[in-house]
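Quick one: this structure, given as structure tokens, is what I'll be asking you about.
As written, the chains take the letters A, B, C, D, E and F, and residue 1 is the first residue of each chain.
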Amino acid sequence: MLVVDRYLEDYVVGETRTTLGRTITEADVMIHAGQTGDFFPHHVDAEWCATQSFGRRIAHGTLVLSVAVGMTAGDVNPQAMSYGYDRIRFVRPVFLGDTITVRAEVVAIRDSAKNPAVGHVDEQVTVTNQDGDVVLALTHLYVVNRKDVG
Amino acid sequence: MLVVDRYLEDYVVGETRTTLGRTITEADVMIHAGQTGDFFPHHVDAEWCATQSFGRRIAHGTLVLSVAVGMTAGDVNPQAMSYGYDRIRFVRPVFLGDTITVRAEVVAIRDSAKNPAVGHVDEQVTVTNQDGDVVLALTHLYVVNRKDVG
Amino acid sequence: MLVVDRYLEDYVVGETRTTLGRTITEADVMIHAGQTGDFFPHHVDAEWCATQSFGRRIAHGTLVLSVAVGMTAGDVNPQAMSYGYDRIRFVRPVFLGDTITVRAEVVAIRDSAKNPAVGHVDEQVTVTNQDGDVVLALTHLYVVNRKDVG
Amino acid sequence: MLVVDRYLEDYVVGETRTTLGRTITEADVMIHAGQTGDFFPHHVDAEWCATQSFGRRIAHGTLVLSVAVGMTAGDVNPQAMSYGYDRIRFVRPVFLGDTITVRAEVVAIRDSAKNPAVGHVDEQVTVTNQDGDVVLALTHLYVVNRKDVG
Amino acid sequence: MLVVDRYLEDYVVGETRTTLGRTITEADVMIHAGQTGDFFPHHVDAEWCATQSFGRRIAHGTLVLSVAVGMTAGDVNPQAMSYGYDRIRFVRPVFLGDTITVRAEVVAIRDSAKNPAVGHVDEQVTVTNQDGDVVLALTHLYVVNRKDVG
Amino acid sequence: MLVVDRYLEDYVVGETRTTLGRTITEADVMIHAGQTGDFFPHHVDAEWCATQSFGRRIAHGTLVLSVAVGMTAGDVNPQAMSYGYDRIRFVRPVFLGDTITVRAEVVAIRDSAKNPAVGHVDEQVTVTNQDGDVVLALTHLYVVNRKDVG
């Protein structure tokens, strides 16, 4: 983990990052159930899942989201601050044993309406499973300092 | 945890749920760092945090989000499926030792453009700390079966 | 999780609650070994277990007990306090991958010998596996406030 | 951890074991909440606890029980099998930061009514905090093989 | 866990201890990744591992080391202090599901060059898998008080 | 986490890496006790520690080692393989709440006696606390592929 200063002027629309893969394990799901208190049968009852159309246990949406966002946390940039997400969509279930990879692309760079010293960077985050199917999509929102405030 | 069937017709705009409180602990933050691989110094380096304007360690945004959504997971409703979130905003930091409570209010009920058998329910989720300050806001999106498809 | 006041007069012998299922995973067993320090080979040595009559790893008794009691923790009742258990019996082993459900039945309501303002409620807790076999039984003991102390 | 064969004839009423101490930490409580799904405010809401007569967060009864029984798990005895507990009583609350020690004493050795090849050993388990106050008591029940069945 | 005083004079070159077995689970690996922040694909990406010569996920070296050293932590000896390790070698990979056992042998007892009141004990630690293959070797270094300093 | 090919020829004696800081928490210690089964009172009994010269709980040596090595796990280098450590020395205790940083310096690059296609890289790893005191030192050993084997 490195500290790298990147200012608003350093971002380019279209730049992308792609992570290595990570297998979502039964242990991940149990730890996430334990962290959130969400023990819905979709996640922790293998017998009941076997009677449902999806057939087996599914990772929590917030687990896939948390891991995927964490996988994109590379360098520490003191000039940028994450302030939210837009349009989080759980497109397909992630099953125990699935392996996800994450692609993040800068899709918008905008001035701030309120503060000329900063701007906004939107990063489109796309999570795919081992079959190449998209399982989760979201837009990650950053506010980033300008180098030249002028 | 109970299984309760609630159909689209059973939801009412303005209905609200409020959770009990939960203290976000140092253990929560370490477990979340471990689950996501996000060991940013904002979360795990007390010495560095003491040199910053915010002064002490901050919970991960995805931790607060995951716990808050988990706290609203009450009855299992086989007629509803969560499919995403809109406008997640991390309004204020949550520090280790802060106690959060969550309020969820149905703010919109809409027809589905594609499928007359279902509709959409939007739930506004608001997370506050022990001082009553909002720390996180988001809209939770559900697709819900109609009872009378007719 | 709701807060619901239930007084001694509100309990009825024979009333029952039944939980959804939960699969006891390898992760559960490792986390429980880690919490308790009990790394007996019955729980953590798959090779040795394969040489024994039971054939595979078994969940700790205290794991099954803790999870089962936790599964019955529904509403918070400020009028009741759990003070112990009687006759805990580990009737059959729970193997990794087994799914348990819990049934709790009020089997006795008694006056307090010492305090007319409270009474005792005994709840019989029965844990079964996916084959319907009982694996654990215990009596959960509560002291509950009377509404009418007179 | 050693494997030591102890037969029914090797047990003596009055023999005792005493463990070292263990501090029950906030991390223990969060991990136990996560394992059991019991997020009752008594354990996880510091703000609410501060408004109650007990004043601060309390460890789960099943946490204290599981840790205490685990602390008495010394040698592996292939001749003995734990089959249950009697009269578990949560005598005093254990607060986060309290340090417990456990004393186990053989209080009864009995013939088996059904099987002459085995007998029963009852071990009284007493858990005390750093002030010497008893916080938990229970009887641990074992069935133990006889050396001389003849 | 017992407290047993063993002085330098009580150690004998050639004395050995052997542990019971422990299966290294997927949960162990995820917890270790979470503790260390090491999410290298060798440990957490089952898909990528399947494309490599070793074929499946491998436990972290520091996991095997930590568990193996922990397995040799028997009695507490107030007269000895562990101060380091020499020649740690990861001889073979440990795969998820492998079961390890540990053998520790006193291989050297030496005077201290600086302090006549203590001496050094070197313990050779050898970790083997279920096939009897050595997977890890190291020398554990202790400084131990003499009984007779005179 | 990036995949970066670095061959033996790319390493230079004297090159150094320095990590950000990480606070070793009570949760880290409990999770490590749970992973290793090492519940020695030095780590988990605050009352007993208060009676000792060191005065408070100490992190496990293997915890500090595992975290420190994990903190140096930056890019994935397919051309290098870690095969062991030399001269691990626990120089000073790490207390709960201490913050460590890690410095890694290439101190030796050597030919392989057996295989001309590879060489050895030794990295000296030094762990310091928030006071700048060294708490742990070790040499991390890698075998690295040559680019030009010819």
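Some notes on this structure:
FYI, contacts are C-beta pairs under 8 Å (C-beta built on N, C-alpha and C of every residue); 3 or more make two chains touch, one makes a residue touch a chain.
None of the values given here were measured: they were computed from a predicted structure.
Looking at chain B and chain C, the chains in contact with each of them are A, D, E, F. Annotation of chain B and chain E: jointly contacted by A, C, D, F, touch as defined at the top. Looking at B-F and A-D side by side, the one with more C-beta contacts is B-F. Put simply, the chain farthest from chain C by mean CA position is F.
Computed from the mean C-alpha positions, the centre of chain C lies at a distance of 43 Å from the centre of chain F.
Mean C-alpha position of chain D lies 29 Å from that of chain E. Once the centre of each chain is set as its mean CA position, chain C and chain D turn out to be 16 Å apart.
In whole angstrom, the spacing between the mean C-alpha positions of chain B and chain D is 37. Multi-chain contact residues, meaning those touching two or more other chains, occur in chain F at positions 1, 20, 25-28, 30-31, 34-35, 37, 39, 41, 76. Taken as a graph of touching chains, this assembly is fully connected, with contact between every pair of chains. On chain C, the positions that touch chain E within their shared complex are 25-27, 30-31, 34, 39, 41, 44-48, 57. Contacts from chain F toward chain E in the complex involve residues 1, 28, 31-32, 34-41, 60-63, 65-67, 69-71, 73, 76, 82-90. Contact residues of chain C toward chain F in the complex are 31, 33-35, 37, 39. Interface residues of chain E facing chain C in the complex, by the touch rule stated above, are 20-23, 25-28, 30-31, 97, 99, 130.
Contact residues of chain B toward chain C in the complex are 1-3, 19-20, 74, 76.
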